[in-house]
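One structure, pasted below without further comment.
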Amino acid sequence: MESHKLQINVTVNGQARSSQAGQSLDVLLRELQLDSRMVVVEHNGVIVRRPDLVETRLDEGDNVELVHFVGGG
Amino acid sequence: MWVEGNEVLTNALEIGGRSFQSRLMVGTGKYADNPTMVQAIEASGAQIVTVAVRRVNLDRSQDENILHHLSPDKFFLLANTAGCYNADEAVRYARLAREAGFNEFVKLEVIGDQKTLMPDVVGLVEATKVLVTEGFQVMAYTNDDVVTALRLEDAGCAAVMPLASPIGSGLGLLNPYNIRTIKHRLSLPIIVDAGVGTASDACVTMEQGVDGILMNTAIAAASNPVAMAGAMKLAVEAGRLAFMSGPMPRKEVAKPSSPTKGMLDQT
Amino acid sequence: MWVEGNEVLTNALEIGGRSFQSRLMVGTGKYADNPTMVQAIEASGAQIVTVAVRRVNLDRSQDENILHHLSPDKFFLLANTAGCYNADEAVRYARLAREAGFNEFVKLEVIGDQKTLMPDVVGLVEATKVLVTEGFQVMAYTNDDVVTALRLEDAGCAAVMPLASPIGSGLGLLNPYNIRTIKHRLSLPIIVDAGVGTASDACVTMEQGVDGILMNTAIAAASNPVAMAGAMKLAVEAGRLAFMSGPMPRKEVAKPSSPTKGMLDQT
Amino acid sequence: MESHKLQINVTVNGQARSSQAGQSLDVLLRELQLDSRMVVVEHNGVIVRRPDLVETRLDEGDNVELVHFVGGG
Amino acid sequence: MWVEGNEVLTNALEIGGRSFQSRLMVGTGKYADNPTMVQAIEASGAQIVTVAVRRVNLDRSQDENILHHLSPDKFFLLANTAGCYNADEAVRYARLAREAGFNEFVKLEVIGDQKTLMPDVVGLVEATKVLVTEGFQVMAYTNDDVVTALRLEDAGCAAVMPLASPIGSGLGLLNPYNIRTIKHRLSLPIIVDAGVGTASDACVTMEQGVDGILMNTAIAAASNPVAMAGAMKLAVEAGRLAFMSGPMPRKEVAKPSSPTKGMLDQT
Amino acid sequence: MWVEGNEVLTNALEIGGRSFQSRLMVGTGKYADNPTMVQAIEASGAQIVTVAVRRVNLDRSQDENILHHLSPDKFFLLANTAGCYNADEAVRYARLAREAGFNEFVKLEVIGDQKTLMPDVVGLVEATKVLVTEGFQVMAYTNDDVVTALRLEDAGCAAVMPLASPIGSGLGLLNPYNIRTIKHRLSLPIIVDAGVGTASDACVTMEQGVDGILMNTAIAAASNPVAMAGAMKLAVEAGRLAFMSGPMPRKEVAKPSSPTKGMLDQT
Amino acid sequence: MESHKLQINVTVNGQARSSQAGQSLDVLLRELQLDSRMVVVEHNGVIVRRPDLVETRLDEGDNVELVHFVGGG
Amino acid sequence: MESHKLQINVTVNGQARSSQAGQSLDVLLRELQLDSRMVVVEHNGVIVRRPDLVETRLDEGDNVELVHFVGGG
């Protein structure tokens, strides 16, 4: 059952966050209300292309970086 | 740019296999607000617009994303690696930027010193080599040293971007000789990046024969950024056109503009 | 000039009770041929066009007359007293010019030295006083001395025209400080006349806050006069607009254009 | 009769020229094929306005300057 | 100045029939105290020292009088007419100064504008004519206008003293071209007066070929006036000697200083 | 240098544990003949004199050897690695130079481009590291890039020698800002090497606060090298002393040098 | 007698001063403790040379300017 | 005997030269009339310090570089 899923600790953009083991990056983005077309995801130092976000799952201690384009010169 | 007559004056700027009409490129940082930024960029006539790669702010993410303000259909988004202090870091940012899916171009910055924001040329050449292998079109922000510029050309850059003066200083073109030398010795497009402070700086820079200018603070930090963007558009075009027109020689001798013949007899 | 929004940026140039849209005035001397002159003047966007007063050449008079090439309906013909070496002579030429019937304006030149073509300021003030009494609108070609400029203002000039550098030299703006000082101290329109060599000279001159520029050789003696005229038009507009826009302060400190926050953790 | 008019010497634009005594400036301009609307006339140091060209007549030793606008800066 | 060998390098400065060894002249105003003034003047090596003519202060007259600090046997006292705003006033001060009995020289100032302290050239020429008639040796403080300088030469000046930049501004040599032109066109000694701010200003001014420099504030307002006086002495001598030595031509090409032959074979 | 009073003004130049009185260093190349070279070097007052390492010319070896003209007891011979285009070559020349037995100093040049003679900064840092390990005192000829200068400091240089402009060009100090920045950011002695053309170039360079200047062509290629050497000696001292003296602030305002009080009543 | 001399009003360096009619400039200087070799005297707009100071006498309303050299540039 | 010594080919400062096998660098310098205090010797890429010049002997194909200080900037 969903409710029994293991809680894990991950780091997202430098902030500690608890998540469920096996949660996909796609779901993480949705939880964060981020549009995957606007964001690039790096998972444990490896870029995850958009089609692979659904397949890529979080594990204990994972590090996720979510980046986008901001104003700069 | 110059539509009447002479074809040689109207040529587009070619970088990395793409063609651009405007020789003025602008940054998107440091504006008081986004509407001002959008208006200024439109007034500048720029096609190439630089953006930075940064973490999504998880608390109030919406407004920061530049794509909410500038359409990638309308502008060519050139991601930079600003804030990176070594080759590996810059390569990482470049890869993330490309993954955003707009283009394979990157304005490569490898900063060597926090106080002056001058580039680390060793790291810059190193990162260039990696990125070129991966198919990037690298536009390398560098200092005004011709030897480094030659190494960047050898490393496969799409364009070399020497500075006029330090980023954000507005000191203008401190060493026209070095910029001219880089332009003469390289075959690549030369885009002067950083240091322009006002319109005449942009104009005199283009008169050195370079292919374009990238600026940010000179527009964003003017009292009236939108009007200054318009001034910069005109100044870049003026400088380019003057360069192509072959200015008169300067000489320490006066010469009348009106005829010396045909004067009346003294009464 | 600047049509979007801010009214203060779009104001016309007022001289002697007349209003002009273009801040670039051009001479008509030294062109290789008349069609080039006409094209260049059109490309410059100038409204005020200077002409010299000379004897009709009785042998082949037709082609010299500027009215065969430039319509006084389209351009404001500003006669000069070039070639005059004392006040009386200059007054004589001014009177002859006015008799041609186009307007009461004169670009007053009283030359003091044949080698440098620098003005004789004593004769200049004297001639100004006479002509002002006779109802002329005097635009006085002078050096960059603020005291002389103040005397010319007192004498009733319509505009003061300090030089950037000697006539026909193309040396550019040799003393921006003096030009700035004249602009600050006088209420009259200040039109910089003579010495501009290329577009950036025009741009930086306008950035001193002056009201306009008059040039001839920089356009006529360029390799491509028509294109250079276009460059000058853009440069004058760029410089004016930059001045009105309030340029960023120049400072010997670098400041990043991209955010320093939001960098990724080091891997 | 026209043919009996006295020949006089005048200077026009610095050149010696013989003319007929009493000839008007208007006629002089026509002889020189000059359009009076394009030229300003100075007669013995005094400007002659266009309407007065017909009335103003040449005398022995007169000095006439005919000027117009030429290219200049 | 240059004692070894070449005679042409060692010539003295001749003004008004007198001969001076030092080409640096200094003012005596604005010092924090008199001992500093005396030390600084001694360190400067100057022979000609300017003084102002002012009312005796009837309450505490003793210390102001410059003669209590500088011996007229040791220094050549050059009185100025500083503070005079028309020819009559300047003539009056010059006559009073001569009556002091030291010499017939005067540094003639006729100021035209209180804010910039720029000269009134009309009054200057007028006062010069009067004073020359009365047997004065007039050294005329003027702007950098060659025509005025020529008029001053015609009026019988002993030396013409164009400014580098406004009195007390320290802006340095704003228009080297004008100073060079004045030197080329006149036969009189040219002494640049006013505006020098630091040693390199003095050096580059002398390199224009002028005969000497007069300064005051650059020394008096330095943090260490005595040391700066020494620096100015050296700088004036350096600039003069460099001018006489025929500097190498500047060119935009590098040339090795070490032999290109004699390199070893590559190992 | 400055013998009266203030100790701070008289300090010697310390490089690599040695102390030198003169802040002017001179090269020995390009002279018309050896006697002129010797006289010029003596007139310059230099202690440090650069020499190149080259093959003995087996046919006419005698006269080339600099030791026949300059005594190593009198001058400090600083060997350079001019003509070397990579780190290995420069290291080889440095070792040969040291074997001559005079000192452990080397002026390290690793040239990156034959046309401009600009350094290859990558090779320069590399060669510096090798030579420092071997106990050399490395004085590194480099461009005016502060990041490279910082890397050279980290690599253990004894002095950093940024250029004013290309070797042999005489273009003077093209970018004072960069030289000032290098001086501010490094703790090492900064000796500006190459590009000085005339005395005022030397003076203004010293006024940036640097510790010394090395030059060759400006003296050797002057019309009168011996006199120019004297001018350079004076100019370097003047510039140093002015820097230490705290020049007056420059400001766009005139200020009288003579009292405004004590004027006479108008008659 | 000295004591009977007429008091007059003069202006010295812009300051009102009472003096005795007929007093010489020489005496004035001494009263002001000024060394005549250090000062130049203008009397009613006319310079008085040093040898003439003894002979030149003050009158009602006279204007005297006493000047010297001070520091200036 | 001297005359029987083997002739070898060496390169000195880029020039081919025949020498005798086993000749010392010291002798080479003397033959070339060079003062060893004025010259630095590199033998097959290795610097030979002055005291070692006597001991170091030439062999077939050896490369010798003789350098000194010349004017340079």
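Every chain is named by a letter (A, B, C, D, E, F, G and H) in the order it is written, and numbering of its residues begins at 1.
As a working rule, a residue touches a chain if its C-beta (ideal position, glycine included) is under 8 Å from a C-beta of that chain, and two chains touch if they have at least 3 such contacts.
Since we're looking at a predicted model, the values are computed, not measured.
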item	value
Smallest count of steps, each to a touching chain, taking subunit E to subunit H	1
Fewest hops from subunit B to subunit H - one hop per pair of touching chains	2
Most widely separated chain from subunit B, with each centre as the mean of CA atoms	G
Separation of subunit E from subunit G, taking each centre as the mean of its C-alpha atoms, in whole Å	36
Centre-to-centre distance between subunit D and subunit A (centres being mean Cα positions), rounded to whole Å	97
Length of the line joining the C-alpha centres of subunit D and subunit H, rounded to whole Å	99
For subunit C paired with subunit F, centre-to-centre distance based on mean C-alpha positions, whole Å	46
Multi-partner residues of subunit E (at least 2 other chains)	27, 29-30, 52, 54-55, 80, 82, 115-116, 118, 167-168, 171, 177, 181, 216-217, 220, 252, 256-259, 262, 264, 267
Multi-partner residues of subunit A (at least 2 other chains)	14, 42, 65, 67, 70-73
Subunit C residues touching subunit E - in the complex, by the definition given at the top	112-113, 115-116, 118-122, 125, 143, 145-148, 150-151, 165, 171, 174-175, 177-178, 181, 185
Residues of subunit C touching subunit B in the complex	2, 4-6, 9, 27, 29-30, 43, 52, 54-55, 57, 80, 82-83, 89, 92-93, 115-118, 166-172, 197-200, 202-204, 207, 216-218, 220-228, 230-235, 237-239, 241-242, 244-264, 266-267
Subunit C partner contacts - residues on subunit A that touch it in the complex	11, 14, 42, 45, 63, 65, 67, 70-73
Residue ranges of subunit E touching subunit H (in the complex, touch as defined)	256-259, 262, 264-265, 267
Interfacial residue positions of subunit G with respect to subunit E in the complex	12-15, 32-34, 38-40, 42, 47, 49-50, 65-73
